[in-house]
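Paired with subunit B in one complex and with subunit C in the other, subunit A is shared by the two complexes that follow.
For the complex of A and B:
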């Protein structure tokens, strides 16, 4: 799957901004998550390491949302691969951290990612200046709109996770 | 029932005392800012408008933040010493996070003169401002830090309670609604109210974080143009919910502490569960009454705003007032300062709540909107509600074993404080009824003589009443310090 997404379909996925940002990037993250499920015993035990890794993951998301990073990733294939590996690693590490980290940190992380995606989506959908020269302004607005949908879905997921953790937690 | 050892209780008490002292320092400072604002409106001083608005911003954000933080800290203390184990180190971590946020906000407003008001109505903080951009950025970042601190703290309490009481459904009291409720897990009323107050806070803080990130993006990219209506919906959802749950957090500890004085149980039952669960739903949508003047807001939401504002006021307030009456009616209790404060706090909640319902009526809001009626109602349930609950809790915390002792010094301070506060509030209400606008640094620009002159006179009187209120507060502070010293001496003797 990684080969298909990163090499075989890369040109097609890099043509438009929604494909690049909303399919390729989350797909890599998802692959990382699935990969982590293959190693069911692996987990980051230490809370400090866990928080540090979550900060790294969040910083990665922010970095790959920056217009300049997106531009370079589209132009430079090697840089694009760094993005793929980074997202794959982020997804993988996310699950390892989530296996042992406190409930509070989990919900905080999901909540903040939701807030970030919502803010980015709204920003992209209202911004009338072209942020990434590799794409068009229509694509930029479209990406923004879909990001809002993803944020809403993640908000619902966060709420479900929140309530499911609070359900039947008897000692 | 969980057993909490005395070492843990001591540690939690130390944390609560640190919160208490922080509150006691910040609260009069923020009141002084309010006094300076009223003096400026009364033309007694000639502070520049920029100073007035930075004071107004710090007063609003500061009071909302300090009151919520302390209400949360008090809930933390009471829950952790009675019902559930909470991590005290985590509590200290939250204290530091919140302190960092407060310091950032102080620098942003007092040095940077950040002054768009607590609501930071978009695009106000970015268009033709008199403060530098760094002040906006710092203030927004500080608010994000505060939000993160509160969110993590709320999650910690909720998770610990869910573990202790067998899940969220039990915390919401749904076990009481079953047909056969003979063998159910009972929950203390404070636990129910803690849950109902804090869960909406989680959602409000996430939406607040999204909104603040957008403010931050706007501060980096001035050409951005968000939809002002959407931003207003977000800021009001965040702000209104936070202020609303501050009141409910405070009501929570009255449910736990008042029975200690009346010597009557205040148990959870079906009526309590139904009413507080209804409130849980209504809290989330009551904010819509802030948008009546926004003609582009869908009309259906305006009607919904009125209906939900009415609905949110009735169940929790009704059941609590009834409960308080049942608690104190013919109870063999000593009316020491603590139950007195709780009773007056309830009255402040009811009076302020009624004034809020009046303002949330669309037909009346068209006259009262943006007049001094608005600060009148929220100052009533904050100053005469939440603050009295907090002061009552502080007396409880500082009192050691003898909580019903006679305290003429404290009592005198209390009555002076109440007198000063209601005098100060009355000036707001009269201002509202005379169409004096809110958020004006001075009234010289108002062309209607009657409104201008009334505004100035009422502001002067209000400043006088704030003076009275501060005298009462100083007396109560002295009484509190005496109690704390006494408690320390007793503890030393016992050790």
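For the complex of A and C:
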């Protein structure tokens, strides 16, 4: 799958911004998550390592959301591959951390990701200025709109998870 | 100690990378990044030969005037024409004692493949007759790749989208001094004509 996404379909996925940001990037993350499920015994045991890795994952997401990074990733194939590996690694490490870390930290992390996606989505959809030179302004707005939808979906998921946890705990 | 140190170290490393990548959390797009990377103003304006709408070859440094330079391409779907419309207004708002005697406008097309002297001459007519101090030009005898590299060196990012004739590019205006230095850059998307004129006048008074 990694080969297909990173090599075989890469040109097709890099043509438009929604494909690049909403298909390729999450697909790589998902692949990392699935890979982590193949190693069910692996987990980050220490809280401080867990937080350090979550900071790394968060920074990775921020980095690949920057218009400058998106442009360089589309133009430079090597840089694009770094993005793929980084996302794969982020997904993999995320599950290893989530296996042992406090529930509150998980919720906080998901909340921060939701806020970041929402902020990025709003920025992309309301800016009438081209932010990424590799794509068009229409694609930019479309990507922004879908990012807002994803953020809302993630927010609902986080809220349901949080309140289910509270209900179970009170029982 | 270790428990605090490791997350803090991770935070410092990640923040440093993001800080470096955005030139101190200032440049988030490739357009502004390229401009900042080109260096602080005043900086040397690299020599390039241009050919104007009448077919005459010239060099910016031989003008011995202040030059306000911008880059466009004629097949641009809208932004280039918007910028040039703004420049037209700007040109007519500037004191006639300044333009064209001390300050000239130069609009350069970077679409070497599709634009030619005839097209830029015709295009220039859209901005009226009374624009003696506004030259439309093309790069002279330079290959496309070399010109794109030249643009990056002066702080202008341009990217030709594959499978289309669209060139996404920065719209910054460069103010070049008579001693061939870029002394100021303007962003017409963020700065009003009044602000640009005020800064232009200030620069000319400081000479």
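Methods note: the second predicted complex is superposed on the first by the 168 of 171 C-alpha atoms of A that agree within 3 Å, B and C clash if a C-alpha of one lies under 4 Å from a C-alpha of the other, contacts with A are read in each partner's own complex, and residues count from 1 in each chain.
The definition used in the following text is that a residue touches a chain if its C-beta (ideal position, glycine included) is under 8 Å from a C-beta of that chain, and two chains touch if they have at least 3 such contacts.
All figures in this text were calculated on a predicted structure; none of them were measured in a lab.
*Asks:* Check subunit A with both subunit B and subunit C modelled on it and let me know: fit or clash.
*Replies:* fit
*Asks:* Given the touch rule stated above, what does A:104 touch, subunit B (first), subunit C (second), both, or neither?
*Replies:* first
*Asks:* Is A:48 touching the first partner subunit B, the second partner subunit C, both, or neither of them?
*Replies:* Second partner only, subunit C.
*Asks:* Once chain A of both complexes is superposed, is A:71 in touch with subunit B (first), subunit C (second), both, or neither?
*Replies:* second
*Asks:* Taking the superposition on A as described, I'd like to know which of subunit B and subunit C A:158 touches: first, second, both or neither.
*Replies:* The answer is first: A:158 touches subunit B but not subunit C.
*Asks:* Can A:129 be said to touch subunit B (first), subunit C (second), both, or neither?
*Replies:* Both partners, subunit B and subunit C.
*Asks:* Going by the contact rule set out at the top, does A:6 touch subunit B (first), subunit C (second), both, or neither?
*Replies:* It touches nothing on subunit B or subunit C.
*Asks:* If we overlay the two complexes on their shared chain A, which of subunit B and subunit C does A:143 touch? Say first, second, both or neither.
*Replies:* neither
*Asks:* Quick one: smallest Cα-Cα gap between subunit B and subunit C in the superposed arrangement, Å?
*Replies:* In this superposition, no C-alpha atom of subunit B lies closer than 6 Å to one of subunit C.
*Asks:* Where on subunit A do the contacts from subunit B and from subunit C line up?
*Replies:* 129
*Asks:* Which residues of subunit B touch subunit A in their complex?
*Replies:* 148, 151-152, 155-156, 158-159, 162-169, 171, 202-203, 205-207, 209-211, 213-214, 217, 221, 223-227, 230
*Asks:* In the complex of these two chains, what residues of subunit C are touching subunit A?
*Replies:* 2-4, 6-7, 9-11, 14-15, 17-18, 21-22, 27-31, 33, 79, 157-159, 161-163, 166, 168-169, 189
*Asks:* Residues of subunit A touching subunit B in their complex?
*Replies:* That would be residues 103-105, 107-108, 111-112, 114-116, 118-119, 122-123, 126-129, 151, 155, 158-159, 162-163, 165-171 of subunit A.
*Asks:* Using the touch rule from the top, collect the residues of subunit A that touch subunit C in their complex.
*Replies:* Within the complex, subunit A contacts subunit C at residues 15, 46-49, 51-53, 55-56, 58-59, 62-63, 66-69, 71-72, 75, 129-136.
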